[in-house]
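Read from first to last, the chains carry the letters A, B, C and D; within each, the first residue is number 1.
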Amino acid sequence: MSDLLRFGISIDHRLLQQFDDLIADKGYVNRSEAIRDLIRNTLVTEAAASDEEEIVGTVTLVYNHHTRELSRQLTNRQHTSHGLVISALHIHLDEQNCLEVIVVKGKAREVKKLADEMIGARGVKHGKLVMTTTGKDL
Amino acid sequence: MSDLLRFGISIDHRLLQQFDDLIADKGYVNRSEAIRDLIRNTLVTEAAASDEEEIVGTVTLVYNHHTRELSRQLTNRQHTSHGLVISALHIHLDEQNCLEVIVVKGKAREVKKLADEMIGARGVKHGKLVMTTTGKDL
Amino acid sequence: MSDLLRFGISIDHRLLQQFDDLIADKGYVNRSEAIRDLIRNTLVTEAAASDEEEIVGTVTLVYNHHTRELSRQLTNRQHTSHGLVISALHIHLDEQNCLEVIVVKGKAREVKKLADEMIGARGVKHGKLVMTTTGKDL
Amino acid sequence: MSDLLRFGISIDHRLLQQFDDLIADKGYVNRSEAIRDLIRNTLVTEAAASDEEEIVGTVTLVYNHHTRELSRQLTNRQHTSHGLVISALHIHLDEQNCLEVIVVKGKAREVKKLADEMIGARGVKHGKLVMTTTGKDL
């Protein structure tokens, strides 16, 4: 963030009051930051909907590590992803259950496809993909 | 909207450029309106998450009107909703399929419960609840 | 629904117990109906994500009907939508606020574009698009 | 998954055909697994909506690590979270941008509050919370 601009918005005082209450509740230090977050959120949502944009994704998986072959299958899938997978974090939730977060970078379409395959693997109890920004243009 | 305030927000010029492109695409006439929409959207989402807030909902249902008893069941359910249902619009999509939009007003909790019951009725192919504002405070 | 098939699914008894509790809560009469609803929901979500599929949409708008030109603008937009708009329901929420539900049918891409324009119109306080099925294949 | 039950569901053949096509596309090996995933997804969504259920969350943050004090602030916030934070993964996306995934476990209400605070911190460009299961009951 190098080149800052400033612009004004007009708003009904009751609407602003409610917004101020909400963002205080969410821990924002000021309105500018809260509104920039709303703007960035909208842009990220649009980018994620467009298949060809480069995005970063995190795939959260919860699975039973006793499921035969699952760990190996997930690891293999990551290694054959042609450079999409950047990193992975593995956590032992309890004796049976693991959580794995896989960080992926690539075109939205490729990221979704890889996420679908891992989430759909037999033994994965729950999985979710978050699509976020590479940070470059935001 | 009677009592208008004006405040400034500072923002990186590249972020603003992307936002301007997006809102032009979506047909907004200016930034203030787009940002007010983001703010109102956030407030409506919060209100809908809180069970006790008064909201307006629209329940969209698609169903096969040949399903025995379904039309009557849906109508009965609306009439026994203790004043939640304001109005309904019925559309014949084709010889078999109907779309019905039911407009509901009440506490978020009650509205969700009524929507769940109608969406879950046997013969309803797809249903979705939109929770919106009564307009009073926005 | 003419040609019914039947197939079996195997499931852990604790998982099934939780599902049974949830669907009883939501008012489902049996598991088959609840699972068919999950399946149809998934198919509708996929269709809505694909720009070229024919879908039915409902656009819910809340606006202040005193906003100059807004009613006329919304009506004009509907009339110039080249046959997308099937019907509309208008409700007076209070002295100032109206709710309008516009039912639209067409390609997902066209429906989203029309919805964006109406939701982005100056004076519209909140708007939401629901994309649902034409019912034909579900 | 120790105690497996089996039950049948009846379904229109065209609906089943479409479902089969979709799950093949998503890489599922069979219908049972796909339907169990739909069921678990629904249960996780319900649990996340209920403030008091114990869940696991992953918070994905993208931020500019040059933002003064931000890294330290995020680290401090995690350390004062009274045991909510299990682990964190930090990735250097480029010279300016970092991605951090924080894994959190606790009541849905507490997890949401902590996520809101980190996402709202000045300098965080985009943030998203995924709520998933501890795996215990699924």
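Heads up, the rule we're going with is that a contact is a pair of C-beta atoms (placed from the backbone, for glycine too) under 8 Å apart; a residue touches a chain by one contact, two chains touch by 3 or more.
Keep in mind that this is a model prediction, so the values were computed, not measured.
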item	value
Chain C and chain D, separation of their C-alpha mean positions in angstrom	26
Mean-CA-position distance for chain C and chain B (Å)	9
Multi-chain contact sites of chain C, meaning residues that touch two or more partners	1, 40, 138
Chain-level touch network, classified as line, ring, star, complete or other	ring
Touch relationships between chains, expressed as pairs	A-B, A-D, B-C, C-D
Of all residues in chain B, those that touch chain A in their complex	1-16, 18-19, 22, 31-32, 35-36, 38-40, 42-43, 46, 137-138
Parts of chain D lying in touch with chain A, wherever the complex brings them together	1, 23, 26-29, 33-34, 37, 40-41, 44, 56, 58, 60, 62-64, 86-87, 89, 91, 93-94, 96-99, 101, 103, 105, 116-117, 119-122, 124-128, 130, 132-136, 138
